[in-house]
Amino acid sequence: MDYQQILEEIEIEIQPLFGQGKVADYIPALGDVDADQFGMSITLFDGTQFNVGDADKLFSIQSISKVFTFTLALKYLGSELYKRVGREPSGNPFNSLIQLEYENGIPRNPFINAGAIVITDTLITHYKNDTKAFDEILLFIKSIAGDKSINIDSVVASSEMEHAYRNLALTNLMKSFGNIKNDAISLVQTYFNHCALQMNTQTLSRAMLYLANHGIDPISNKAYITKSQAKRINAVMLTCGHYDASGDFAFKVGVSGKSGVGGGIVAVIPQKMGICVWSPALNEQGNSLIGTKALELFTTKTGLSIF
Amino acid sequence: MDYQQILEEIEIEIQPLFGQGKVADYIPALGDVDADQFGMSITLFDGTQFNVGDADKLFSIQSISKVFTFTLALKYLGSELYKRVGREPSGNPFNSLIQLEYENGIPRNPFINAGAIVITDTLITHYKNDTKAFDEILLFIKSIAGDKSINIDSVVASSEMEHAYRNLALTNLMKSFGNIKNDAISLVQTYFNHCALQMNTQTLSRAMLYLANHGIDPISNKAYITKSQAKRINAVMLTCGHYDASGDFAFKVGVSGKSGVGGGIVAVIPQKMGICVWSPALNEQGNSLIGTKALELFTTKTGLSIF
Amino acid sequence: MDYQQILEEIEIEIQPLFGQGKVADYIPALGDVDADQFGMSITLFDGTQFNVGDADKLFSIQSISKVFTFTLALKYLGSELYKRVGREPSGNPFNSLIQLEYENGIPRNPFINAGAIVITDTLITHYKNDTKAFDEILLFIKSIAGDKSINIDSVVASSEMEHAYRNLALTNLMKSFGNIKNDAISLVQTYFNHCALQMNTQTLSRAMLYLANHGIDPISNKAYITKSQAKRINAVMLTCGHYDASGDFAFKVGVSGKSGVGGGIVAVIPQKMGICVWSPALNEQGNSLIGTKALELFTTKTGLSIF
Amino acid sequence: MDYQQILEEIEIEIQPLFGQGKVADYIPALGDVDADQFGMSITLFDGTQFNVGDADKLFSIQSISKVFTFTLALKYLGSELYKRVGREPSGNPFNSLIQLEYENGIPRNPFINAGAIVITDTLITHYKNDTKAFDEILLFIKSIAGDKSINIDSVVASSEMEHAYRNLALTNLMKSFGNIKNDAISLVQTYFNHCALQMNTQTLSRAMLYLANHGIDPISNKAYITKSQAKRINAVMLTCGHYDASGDFAFKVGVSGKSGVGGGIVAVIPQKMGICVWSPALNEQGNSLIGTKALELFTTKTGLSIF
């Protein structure tokens, strides 16, 4: 299949959508991003890469980082992790406190905010402190992405912290149920730090390869997690990767993926490739509007849906 | 792969689970079923079938019928259908009124009770009356199953109607929002009628083939729905097919499937086969306990997960 | 105190509010009422009556009837009644299904729709059938009002039944929890029938006297209920009589009262008088806008708040 | 009426209830209190006091302090206050986050935790800082109680802060909606400080007199708030003073009152007296079990219900 041509077709077909959607603006640092950008990359198992548009432009990975922290937590805690976070779709907005209260402080899955904060909490405990935890998360991401230059956008990270009240509410609520072990404020800061990492679609598409290949990076041959763990992360991405639009994403796109409010979406084609698309304007459910459409076009054109 | 041997291994491995779980007993007609039964069948595209255990024993298909009514409604209404029913996991019990109230009478997906009742309502409207609608649903199921002998268990159907209060509540609530067009009582009876059809794992596994083959039955070559519709039904089965344990099923089993409180579960392996397993005792989420385990063993042994 | 003068002052002071609020229009028969009407009556223990405005104009008493059915149910069932209906404010809209589902089909109080339907259900059981129950409710109201001419507005009653879906949903939901004993449809019709009675502010103010006088009508000297029961009905009216604006009514008006969507509000001044005010346009919480203001002016001018 | 004799009768009649209920034990400092204690006091307008049992024993006033902070906030902010906190019963547990989320961070009333925290927040803003705010709250309570020795139990205050996660969650959630202006942690500490004040039934019954007398302390003749404000505080106490058992308290006791988890309950008889009862063991709704019964006996014996 001529992936380069497909990407170029997609780039043309999404043009009419520029101007729709809305860039995340809950913090100024994100709201300042120019909406009319688009990049898309595919990385195959042999390292071949196809790119289109702003594929080398850095953006805030935001919730995409939750795939990586989930991976690390699963690696170190194994199935013990599921005592503290579930793997069911939430049926609620990503930052709702309601379900968390009914379900006694156990978040439904690792991708809603509360679940990702629990995951980060387990990593702080595992690595003994928050600085070490962040360093190890960053090292892991550099390793799977094959890019040592990845770094934090500290303006975004501080800006998030200034508007952290809802996440502090979620964290304190879980703490009241005994499901958070570390200090709420430094935990939430660590969580924002890994969300504020900057990457581009090239490095993110490459970083997905270990999930497409049963836990082993096909380029470096490093084994990060087991085959079963990799499949299960893909399953959770499919059912929970797009907040309360996960069913819709599975329905329209038909592959495992994870979005972030920075406008990025990563996706996995088992045994074939890693994908990343980026376009900052979000749809009503908080996922990249053009990114979702581009992936829908991609699976339609290639027939690469898992269904 | 030696599917017969795999099924026989599974039959041995699930033996220790007999005695766990609980047969659905909300109506006497279901509660009387002997819990210690197990059957499993696979049907390949050429019609080859592999069976183990009580594969020819009839059971009440219950919510599995929702896959078939969803198919018919999609065939006749197309994407108009999604104005009246969504495709998102619910994050709530299958018969909850709460989400329905917050979301103005639009059920989250075609597999929770409210959603399936809306689907049946659209079929009554399409076929002009409830009797004709039921006859056509039955004809369709006979066609995809290649079995003209399928029929209703009228004791189950009447027994359901005697305990129909919650479904009548759901139906009237949706009617108050304008999302039900036909008479509540005859609608709920029609819904119970298609749930009370009796089939066995042999015929149900064969009935799944059109979903595994892009909408076309590979045996009869009849085209029921489009490729895109078939993929989307599979996607909804994956994200919503097991009520509030859909994430768990995707996580553990990793294929599209749909369960019923009669103890049956159907599953689809794209481009390969239809599967059905049956064992009456249910787990806490209302899905066949042994059936779920058998499917987990099957995808582990064969590597046939979609992830 | 010169009650006549106070009523006349109030009539003048509420004039600027005509045109605000909105007549209930969920059924045509109610929506057709002219909004710009106002009547108010006081009845003292010796039968002296003070009236202003449209005090002899008949209107649909609607939920005010719930005070009378609650009285009858309490008279016949005593505290057994509280096994089937509570006496707590609901904190939710009057017709919400949510709390009812969480609280296992036991309505919070006799004045939300679900609670009033349970009350009517107990009366149908007590009087053996729905016709007899309605006849006895009507007889009781004629007795406390001292008016044998009271009758049903059958256009309103039938019109309600045509839009009864939400009340049928509530009723079926409670039936699924075992908290409704009679047929849902004839029960809801009986409930609508007593809501569709027509009275005016003269007769309704007089009908409140038994509650102002410890259960005994001070004019006829008939003892309807015990002193303790009368006080408790007044307490429930104070905390629950204005749906989710009960706190606000207690706050602003400071007496026990009950409103109906027909625009009527009854109120009780212990040991002193019965009051009724009527004006059809409702505020956002579904209570008579001018009626609420008129009562607030009345308790301010007379100092007759209970606080 | 012989109040002393009535109090003594009550003391005898509540004896069989010792052993029922459960002392609040969410913090050790409260859990250590001996359950089998009981004190009750009445203070008349001329200062005459009637006491029984442990009427001079200090206990933690807890949520009773919310009556006093509500008074101060109303005094300084007037009706502006109601933009930030409502006056409706909540229909939910006192520390629920659910309603707060649905209602955009505006607590239902000043007596649920979230509402009381908002009240304290307004006082910190009014008095410029948390220390001054606490000092002024304490001064006010000393003034209305006529007791300069009132002080904080600092063990209770620190102990609360160690288990403050849910209150921090509520506070941060409100802050995310813009309804908290000061630092969450020092605000919650200030809130705990005024809850941790120690008083006895003698001083608390005397401290209620300004509410029984239209805002003016009948002993010192100091005017604290307006007549209308005093009535409205009494109204809010009646509809919201006992969390989700307020309807029940109005129903059984029939007067305005406010309970605290320390086992105290204050009550107001308009134009007559202030009352306080204390007994540490709580019923299921978190109100003093024996205290509630004692007040029910009191209003039954004296006929002093407001209904």
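Brief remarks follow.
Just so it is clear, A, B, C and D label the chains in written order, and each chain counts residues from 1 on its own.
Rule of thumb we're sticking to: contacts are C-beta pairs under 8 Å (C-beta built on N, C-alpha and C of every residue); 3 or more make two chains touch, one makes a residue touch a chain.
As the structure is a prediction and not an experimental result, all values here were calculated from the model.
Residue numbering shows that chain C and chain D use the same positions for more than half of their mutual interface.
Compared with chain B, the chain whose C-alpha mean position is the greatest distance off is D.
Annotation: 32 Å between the Cα-based centres of chain C and chain D.
As a whole-number value, the distance joining the C-alpha centres of chain A and chain C reads 55 Å. In chain B, no residue touches two or more other chains. Interface residues of chain D facing chain A in the complex, by the touch rule stated above, are 96-98, 101-102, 163, 165-166, 168-173, 175-176, 184. Those residues of chain D that touch chain C in the shared complex are 86-92, 99, 108-109, 230-232, 234-236, 238-240, 244-248, 250-251, 254, 256, 270, 305-307.
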